[in-house]
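Below: one structure, written as structure tokens.
Labels A, B, C and D are assigned to the chains in the order they are written; within every chain, residues are numbered from 1.
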Amino acid sequence: MSEMPEIVTITTVVNETPTVKTFVFDKLFAFRPGQFCMVWIPGVDEIPMAFSAANSITVMKVGDATEALFSLKAGDKLGIRGPFGNGFSPSGKVLAIGGGIGVTPLFTLAASGEVDTFILGARTREELVFADDLAKVSDLKIATDDGTFGFHGFVTGILDQIDVVSYDTICVCGPEMMMKGILDRLVAKGIESRGQFSMHRYMKCAVGVCGSCCMDEHGLRVCKDGPVFTGDLIKTGEFAHYHRGPSGRKE
Amino acid sequence: MSEMPEIVTITTVVNETPTVKTFVFDKLFAFRPGQFCMVWIPGVDEIPMAFSAANSITVMKVGDATEALFSLKAGDKLGIRGPFGNGFSPSGKVLAIGGGIGVTPLFTLAASGEVDTFILGARTREELVFADDLAKVSDLKIATDDGTFGFHGFVTGILDQIDVVSYDTICVCGPEMMMKGILDRLVAKGIESRGQFSMHRYMKCAVGVCGSCCMDEHGLRVCKDGPVFTGDLIKTGEFAHYHRGPSGRKE
Amino acid sequence: MIQIKLPEEEIAGVPLRNHMLLAAGILGTTGASLKRMLNLGAGGVVTKSIGPKAIPGHHGPALIPVDGGLINAMGLPNPSKDFVEEIAPLKGEPVVVSIFGGTPEEFGTVASWFPDAAAFELNLSCPHAEGYGASIGVNPRVVRECTEIVKTYNKPVWVKLTPNVTDIKIIGKAAEEGGADAIVAVNTVKAMRISTELRRPVLGNVFGGLSGKAIFPIAVRSVYDLYDAVDIPIIGCGGISSADNVLEMMMAGASAVEIGSAIYDSVNVFSEIAADLYSEDGIPAEEIVGCAHV
Amino acid sequence: MIQIKLPEEEIAGVPLRNHMLLAAGILGTTGASLKRMLNLGAGGVVTKSIGPKAIPGHHGPALIPVDGGLINAMGLPNPSKDFVEEIAPLKGEPVVVSIFGGTPEEFGTVASWFPDAAAFELNLSCPHAEGYGASIGVNPRVVRECTEIVKTYNKPVWVKLTPNVTDIKIIGKAAEEGGADAIVAVNTVKAMRISTELRRPVLGNVFGGLSGKAIFPIAVRSVYDLYDAVDIPIIGCGGISSADNVLEMMMAGASAVEIGSAIYDSVNVFSEIAADLYSEDGIPAEEIVGCAHV
């Protein structure tokens, strides 16, 4: 069965923060929170993005492809392949911890009513994404690196204040160093398998064939075996040490 | 979906007459009476044959491929593609008329209890095929060209003696000249559309693509649109006038 | 999906009723079956390839459906000159006569038999006929000479290419130099299957050609390549089975298409595709021909 | 279906655990993923093709599933010499290092980096990397020279061929003359698709290669052809997805096979096929290699 990109038309562009925009399009995709798609920016590149709703992606501008995406407006077209990957599989009492643009897949989890407590982190107040909506659907705690809003410091600071062992599932997405801080704490308490970490690796095929996204030490594919892995699977290996760039070189 | 030949092993060879053998094999095919298969005789050729049961074909030796088939014995293998074609679609009171090896598809029709009266013809007594079995499941009338059994003459002689108009469906298979004699009689009575004639044309693909089996004047494909056609579809055109050989030349 | 308008002018010298022709060798052996396909919605028809002498073709199995397509080794069965009479009733219809030969002269001889052809299509591409088709169609000089000789019969000449070459552009250019009015791309891709139970090739001829959906991406690529290499129209062929496939071939560079194996799934494929493809408000096909070249 | 025995000897110079290798470029960029595939039942693994300098590869989309297969234009992304460290932990395992270069000398340079390779596979066949792969692999002389130079590193040399040539036998023979220990046939078939809605080619590189079930009949045919032309072992590759497909490739003439795209459907494809293919009472594979040649 063919899985050619589905061509969608952008209907609305929402400016979330100075560096984050949500692109709403005209077709719905049935996804599980944590699953992602490959977004084809015609003439530029194809890059992985979590769904931020059945008909949207929420994008942080970080380089060439995202910059090109930022130049698009309502009426412009994108190609979407997906959904791909496993997504989160929360059970029991759920804690979500999102940092930066990593909030996106967790936002959809919270929006579907599956998150009890949400810890949201950003560098500074104006870079907080989805905070208002998250406050409506979860017990939201906010941390900013510069203290411009909520807790002054990292999300791990808030984590240290709460009883993490009382949660059955801890869903995490954000910069790898942030995730590392969280994993360390779970390992210390012996509950790393309750942690579900959404990983970011360089993706080319997104269907588990090319090997671009494979992680040491098990050789698991982030696109197909992930992007969500339990803490026990990633605590050894490359996590927080290195990853591979587009050529496969370690970076 | 792949339709590679199904490889079957011959389990029994039944000598029906000096020139007719039944080859029973080890697999069952779900067919409708009148449907046929392509029989691959490895290293020789692939030729069309009606099913004479879900696991058999009944073959008259007429040339190279059938001769090669006749040399096979239990344990030998054949490739079978099919079933193909439309088969008979009888309704109401049914008359079947079979001549020579043309009895085969009609035999399966009678065996499934769908024939009221059966007229069976052959050149001579020892070439009558399936007569005993047919007598059990239908009102059987026999004609031999040389009068060695039953009516002395052609099947059309018997046909002239019965009230053909009392039948709703007249299923026919046999030499084209025999079928022509029958069609003429149906046309004369204005009931040619009650006649269902199983046609024989040179077949190569059996799946309606190559064009080898096409008949004038409508360009219908015997393998796919047939092999069974109602009398009205064939009364004009090439029927009983000519057919095409393997090169497409008229013969 | 966009929709297009019916053609308003001849395409590659032939007054096609729509952009889709029946491909050579598909229900193309009799005048009546060609007529039927026109009635069923083909915009034009290409005949079975006709050669200098009648050939019965290879022993069976001659065609086998496989995953995503068909493999066939018919062996160019054809009634030769008798075919003139076959298609006489089709005079005036958009009937392209496919011809083949072992030498340029033989191509010329066969062409001379068909003064009523709407165009000739030169089969320089059948992959399973020794001394014919692809076995001569891989040689640019021979392709040019065959084209030149048939061109002397003052009809549009379409040259049908094999994808089984290192560089299809070279062969396309040779046809163009020989005066071809269009390139038809592509014929089947060399292929075979083996029956593992019988431990022997399943085609009577051992090897044959793959057609159908499986080769569509190969055909699109060939048309795209040729569009950059030649200035004459290209007729896309290979694995087309939907209106979207027709548009895709056009965007790759095809001015029209031929459809063969899709008949396996439906003899009504032309009218089914036409229902999706055409609209009175559609855009002219010319607007999209080659538009995917970036 | 018949069943076969596990190999008892080296095949083409490599001690394979079974007759099925992971094909080059499939989960082959990291030592860990190669190790995983060995653990999941591959009889041997071929690495991603490694070249003289690190390449990020083509822009995306780089791989798209299509009817019956995949089209890809990865663009030979590879970490170059860094890969030596990647596979160091796999020393002693049946790891075939796929290498490429723009010249015979570059092939030699890359080969010199991998003294621990079980064998080298020369990628003279990737259809979408300008100056590399098929663009040099269609030239018999270059193929022979690349083989000769890599052969000086005293390891088995497998030469992987492109099906996109007029006559694959000529290239196979050139490799054999250069001293190749085996031929691998085939790499992907040149292909492309177009997004009709965006009116542009779907692959970032415009064109790429078709793999998967769609090309199986093409690959079988290539192996069958080569078996008649060369005396060295052939490794069959292209569209294999079942035990019966493995047997079919062997009957065509393959001593072993490589499997790539079938990973798309299941990462466990090796053990799934092995469960059907092998039995202690099976016949030795050698009995069926090439047995379909009639």
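One rule holds for everything that comes next: a contact is a pair of C-beta atoms (placed from the backbone, for glycine too) under 8 Å apart; a residue touches a chain by one contact, two chains touch by 3 or more.
Being a predicted model, the structure only gives us computed values, none of them experimental.
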item	value
Labels of chains that are neighbours to chain C and to chain D	none
Most distant chain from chain C, judged by the mean position of its C-alpha atoms	A
Separation of chain A from chain C, taking each centre as the mean of its C-alpha atoms, in whole Å	50
Length of the line joining the C-alpha centres of chain A and chain D, rounded to whole Å	35
Of all residues in chain D, the ones touching two or more other chains	66-67, 193, 197, 200, 294
For chain A, residues contacting two or more additional chains	43
Touch-based graph of the chains, sorted into line, ring, star, complete or other	line
All chain pairs that touch each other	A-D, B-C, C-D
In the complex with chain A, residue positions of chain D that touch it	25-37, 48, 54-57, 59-67, 70, 72, 74, 77-80, 82-83, 86, 193, 195, 197-198, 200, 202, 204, 260-261, 263-264, 267
For the chain B and chain C complex, residues of the former touching the latter	1-5, 7, 38, 40, 42-47, 77, 79, 81, 204-205, 207-212, 214-221, 224, 237, 244-250
Residues of chain D defined as touching chain C within the complex	1-2, 66-69, 71, 138, 164-166, 189-194, 196-197, 199-201, 206-207, 210, 213-218, 220-221, 224, 244, 247-248, 251-252, 288, 291-292, 294
